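Just so it is clear, A, B, C and D label the chains in written order, and each chain counts residues from 1 on its own.
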Amino acid sequence: MELSVTDLACQRGGALVLQNLNFVIPSGRALILRGRNGAGKTTLLRTLAGLQPPSCGHIKVPPDSIIYSSHSDGVKDMLTVAENLMFWGNVFQKPYANAARQMNLDGLLSRPAHSLSAGQKRRLGLARLCISDRPIWLLDEPTISLDAASVALFEIMLRLHLQNGGMAIIATHVDCGVDDMILDLGPFRPVKQLLPDGFDEAFL
Amino acid sequence: MPDLGKYADAVLAAYGISLCLLAAVIALSWIQSTRMRRRLEEVEGRSSE
Amino acid sequence: MIAVLTRDLKLAIRSGGGFGLGLAFFLLIAVLTPLAVGAQSDLHARMAPGILWLGALLSCLLSLDRIFALDYEDGSLELLATSPVPMEGLVAMKSLAHWIVTGLPLTLLAPVLGIILALPAEGYFWLVVSLALGTPALSLIGAFGAALTVGLKRGGLLLSLLVLPLYVPTLIFGAEAVRAGTSGQPATTALMFLAAISAGSAALLPFASAYALRINLR
Amino acid sequence: MHLSGRFLPWVAAIAAITLVAGLFWGFFLTPDDYRQGSTVKIIYLHVPTALMAINGWFMMLVASLIWLIRRHHVSALVAKAAAPVGMTMTLIALATGAIWGEPMWGTWWAWDPRLTSFLILFLFYLGYQALWHAIDDPDTAADLTSVLCIVGSVFALLSRYAVLFWNQGLHQGASLSLDSQQHVDNVFWVPLVICMCGFGLAFLALVLVRTRTEIRSRRLQALLLRERMA
């Protein structure tokens, strides 16, 4: 089980953001993406998640093994915490009790989601990761608006996930306790903008 | 001019409207084409030096 | 996929807004048109099928852009896109949820409004049957329009401009079925066409909508 | 680009000549119809433009399919370029159809099924172009409009038969059907064919001009992008 990326280039809004990226992540390891704002961390995660096609190069990953967590947590305010978790439980056909306990949401289960603080909503979003037993986690700034205790909780969950042979690619500025492989996206800025199959580039 | 009889105004109106619309789309396309060509040459001039 | 459906229904009922809005709009149209047209009730009777169908269509149109926009804004559309739920299934379930929330109640409310518009007695049966057959097509086509315009800024206006021409066949066959039914002629051909449109949309449109959604999520 | 550049003046010139010749012949040299009087002369505008309106949408459909399957950028631009021209053809067909029908039907707009289906086609053109304008990223715009064009074609066809079903119609029979024998004797027929070629070539020339403009605008965007990124 591994995720390998060869000669990958991704674009955002018609312009190339990253070029000739090559890396391989074995199971049980985490890759931390560093880089200034706009370096392409989110674009890379979205390309790996399959939300957008890469401009060139290809990604070798076993099917149905990726779960993506974006900036927004995808929490439905009208539903209670339990209903949100139950929904994701049904989607992945997995029980959600264990995940709720891991992110210690047991106390908030009956509260409607709109009354939660940003940090609690974030924990609810992260609990979704545990519900699905998908091995590869793609996390976009997971520790935003989390307090110290919650960050510790997240680290325990992440370490547990890695020990069970899972993998994670995390775009973050904060050190989250497991710094195996660090990838700075700075040197992968596109030198040459021209690329045959970008829509506009085809006309140069 | 052929004798158009009592329908003269209808026939002339039809031809008039059609030719106006046709002329409008031709003119529009032509104006856009020249304006774009000019802007492109201007940018190409700027980027080549 | 069923989870998506149940969640959407729960959301719609709990938020209440979209639900009642469509019905109220339908009632409004059925009440305002006679006021605009004039008091002769025979005129109303002749126009009743058209007004009821047009009202149902516009009420459906009203709540279309909420189908995907809410999930798009809070990010759950992206998360669902990368989950085991196939996009086509997601669109089908969303269209079904929209139909249950707007299409079905419209079909049930229509006979009541038929009374206001002095619809002849034999028209009620055909009205309900044609609406029951036609409103699923309205939801499916509407979902396609919503998928096309989900990420755009002034999407709502554009959505109705895109969807109304697509609604024309359903509107014509629907109103025609009721009109034929009330005047005693055989309405089966119109209903056949209506059912064909709904079946065809149910089979093909989710794929086109899923494709459009994937592109809009890029 | 340079290929179409060489052809364009020729196509435009031939189109202009055939169009003027056809209209001139139809307008000045053909006798009046015994029943419709001189309004029959409108046929030289109504039939060719109606034909081009439908062919225009069909051409956009083919271009959209090519874009979706083969990812040829130019075909998406051809589809975008053909839309306004097709819309104008539809408008002309609508205007001439209404004017032509007026003496016979006594009203400007008698909800005749064929004219109504052209009105619906006009709405499709409008929606298509509105979608192009609403999206700024050219790549997604091309994809979304292609999907709309394909789904729209199916519903345009459906509307065509729905409208026929809805109102039996007062439109005169097909004045020119290639399979059956001529409905129109040949003194009218020859200028009509010339007009059709004229409008066809004019349509092609206009689409070529507009496509080149679109290609240039894409090139401009790419250059500006490069300047910003450099």
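Quick note on the criterion: a residue touches a chain if its C-beta (ideal position, glycine included) is under 8 Å from a C-beta of that chain, and two chains touch if they have at least 3 such contacts.
Note that the structure is a prediction, hence the values are computed from the model and not measured.
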Maximum centroid distance from chain D, chain identifier (CA atoms): A
C-D or A-D, whichever has more C-beta pairs in contact: C-D
Closest chain to global C-alpha mean, per-chain Cα centroids: C
Gap in Å, rounded to a whole number, between the CA centres of chain D and chain C: 31
Distance between the centres, which are taken as Cα means, of chain C and chain B, whole angstrom: 41
For chain A paired with chain B, centre-to-centre distance based on mean C-alpha positions, whole Å: 53
Between chain D and chain A, distance of the C-alpha-averaged centres to the nearest whole Å: 49
Numbers and ranges of chain B residues touching at least 2 other chains: none
Two or more partner chains touched - positions in chain A: none
Contacts with two or more other chains, residues of chain D listed in rising order: 219, 223, 226
Chain-to-chain touches, reported pairwise for every pair that qualifies: A-C, A-D, B-D, C-D
Residue numbers on chain D that touch chain C, as the complex places them: 120, 123-124, 126-127, 130-131, 134-135, 140, 143-144, 147-148, 150-152, 155-156, 158-159, 161-163, 165-166
Of chain D, residues touching chain A in the complex: 71, 73, 137-139, 142, 215, 218-219, 221-223, 225-226, 229-230
Partner chain B, residues of chain D touching it in the complex: 23, 27-28, 32, 36-39, 41-42, 45-46, 49, 84-85, 88, 91-92, 95-96, 99-100, 102-103, 202, 206, 209-210, 212-213, 216-217, 219-220, 223-224, 226-227
Of chain A, residues touching chain C in the complex: 49-53, 64, 66-79, 83, 87, 90-92, 128, 132
Of all residues in chain B, those that touch chain D in their complex: 1-8, 10-11, 13-15, 17-18, 21-22, 24-26, 28-30, 32-33, 36-37, 39-40, 43-44, 46-47
